[in-house]
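Structure below; questions to follow.
Order of writing sets the chain letters: A, B and C. Residues in each chain are counted from 1.
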Amino acid sequence: MEWAAKNFDFVLELSVTHLLISLVPLVLGSVLAFALVRLTPLKLAGTIGTTFSAIYAIPSLAVFVALPAVIGTSYLGPTNVVIALSIYVAAAMFFSIRDAFSQVSKPTVFIARAQGLSPLQLFVHVELPLAIPGLIAGLRVAAASTVSMASIGAIVGVRNLGYLFLDGFQRKIPEEILTGLFAIFIIGIALDLGLWALGKVLTPWTRRSAQRV
Amino acid sequence: MIEFIDVTKTYGEDSAVCDFSLIAPSGKITVLMGLSGSGKTTLLRAVNKLVQPTAGSVLIDGNDIADLDSVVLRRSIGYVMQEVGLLPHKSVLDNVTLIANIAGQTKDEALNNALELLELVGIDDSFHNRFPGQLSGGQQQRVGVARALAIKPNILLMDEPFGSVDPIVREELQDELIRIQRQLSLTIILVTHDRYEAIKLADQLVVLSKGAKIEQAGAPKDLIEKPANKFVQKLLGL
Amino acid sequence: MFSIGELFDWLTDAENWTGRYGLANLFVEHLTLTLVSLAIAGLLAIPIGVAIGQSGRGETLVIAISSASRAIPTMGLMFALVMFMGVEFRQFAVVLALVGIAIPPVLAGAYAGIKSIPIVIREGARAQGMTTLQQIRHVGLPLSASSIAGGFKIAYLQVVSTVVLAPLVGLGGLGFGVIQGLALRDFAQLTGSAVVIVLLSITGERLLAKAQGKLDRRLTQSKINR
């Protein structure tokens, strides 16, 4: 991998941009989805769900270039891409968050409420911790697809690892394309492992040794 | 006649069935009764080769089933289980005719046979085109019995067949089972943990403890009058 | 900036629909690439997924494929394959990439479909004396059809959106107008093409979701009473 070694600093710089342009939407999108799940009245939930699954269906490049027409951002540059990816994350996480909370055992919640926990206490001490496995699973899927999708942002002028695909193809440098693939794969796997570990740390009761006691 | 000879089945370290020998006579109902986990299901499934015994053999009318093709064997034995397991995407009628069609009966033969069987088990014509999900638990089990009989077997294996139906319906189903068994002179092995059901249905009652150890076997009357030990006494509620 | 009026004019101008790079032709190209890839992926992935689900062997393979595939950027995969197979074989290379993209979700759908069939139903079929093939034909496939349709839905979305990038490696498809519009700063062409892409993807997604729901209803009928 001569090419990668020679251009190490450049690849590192692109990787940092790539990571940032993936992480920011992951956070923004999740927060948005969470707010929508918890705050919208039940009546609207169906409409939001339908809207999100439609948005989710739209190819990312189409969203990147359609956004400026809708909200007036610039055609090129990261703003579009971050907003578009955030919407994708929100669309995916809306369903995972909803399912994660609806899968929390009803009797457990019921008993906690009967014991006199306030809605906030109920959320912090019962619902949220029990929903963590579902939330983490959803985040892992969203993270992987966001990291992969972010590379398409290179087409609209974002200097991330996707740039290596465009540049490598134009200049006929196969190693450049492979470097991009490899770096994106590594970032995806790293995020996935990080989220998995976070899930384990946050849910000690699901560990095997804990179950045996 | 179904003959178990020193049948053993182990899973890892545990013996689900240990050295089990028994004869289930032709045209009679043999009832296996025992606590959960005593190996009853394993015994039944050894007869239609859903379970491969670790040692020993099962003979049907003198033929070792190990020598028979499992598909052919299963098409000569009806199998009924508590959860029924009807195909949810097929109508009641199709559920009964499917295996008969597969097994090579002509369409007409399979259909006429199915109509007869559904009448035999007491399913009204108006239910024929419904899906299993639109029937009650008892009705589903009736269809399950009709399905098991669709291939005209001489042998019927029943694993807690009436375990999940209401007591009143259960009694009805038991009465009908006795009637059907007489009419078709079936050889039945039936598993239950309901002692009333066991006593009512059994020609031969076999009480099992862990590992399918036979605590006592014989006519229900004999077991009630002379229980071999405390375990039998307790299980029969004496 | 350009207005909705301009977009409308562009979309309703017959000239933009005809010719080699007209929307009609690009649309057909886009759909053909998508459907051919999905068909090939289905032919490969459904039998394998069903076989793995039915036999219970190779389950880790399904899990490994579906999680690894998520971390591979579809854009990079397509570029790499075209590069390595040579630009003259780009059509073949792109289809290969698209098949590779479509296989994991279809495979997972077929596998999960079989696995989700209640064990008593599968056992019941076996106990009645159905051969393995009969079990698959009468029980496995019909009852996992909805899950397979769900796999195709995901595969469709990923393939349609990857085909949008095909013009970058010298093929056609609806992405052409987007890429050219970006290069020429022709925002009407850019947005107009995006609108057609959106219609194609959402229509397909809706159709497949409907199919999935319809097939699923057959299964849920069994749950009314138990």
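By our rule, contacts are C-beta pairs under 8 Å (C-beta built on N, C-alpha and C of every residue); 3 or more make two chains touch, one makes a residue touch a chain.
The shown structure was predicted, so the numbers you read here are calculated from the model rather than taken from an experiment.
A.B. asks: Based on mean C-alpha positions, which chain is nearest the centroid of every protein C-alpha shown?
C.D. replies: Centre-most chain by C-alpha means: C.
A.B. asks: Greatest Cα-centroid separation from chain A: which chain?
C.D. replies: Here the answer is chain B, farthest from chain A.
A.B. asks: Taking the mean of the C-alpha atoms as each chain's centre, how many Å separate chain A from chain C?
C.D. replies: Their C-alpha centroids are separated by 21 Å.
A.B. asks: Between chain A and chain B, what's the gap in Å when you average each chain's C-alpha atoms?
C.D. replies: 53
A.B. asks: Averaging over Cα atoms per chain, report the distance between chain B and chain C in Å.
C.D. replies: 46
A.B. asks: Would you mind writing out the residues of chain C in touch with chain A in their complex?
C.D. replies: The contact residues of chain C facing chain A are 1-2, 7, 67, 70-77, 79-80, 82-84, 157, 160-161, 164-165, 168-169, 175, 178-179, 181-182, 187, 190-191, 194-195, 197-198, 201-202, 204-205, 209.
A.B. asks: Can you list the residues on chain C that touch chain B in the complex?
C.D. replies: Chain C residues touching chain B: 118, 120-121, 123-131, 134, 138-139, 142-143, 218-226.
A.B. asks: In the complex, go through chain B and note every residue touching chain C.
C.D. replies: Its residues touching chain C are 48, 50, 70-76, 79, 81, 83-89, 98-99, 102-103, 131-137, 140, 147-148, 151.
A.B. asks: So in the complex, which bits of chain A are touching chain C?
C.D. replies: Interface residues on the chain A side: 53-54, 56-62, 65-66, 68-69, 72, 75, 141, 144-145, 147-149, 151-152, 155-156, 162, 165-166, 168-169, 172, 174, 177-178, 180-181, 184-185, 188-189, 192.
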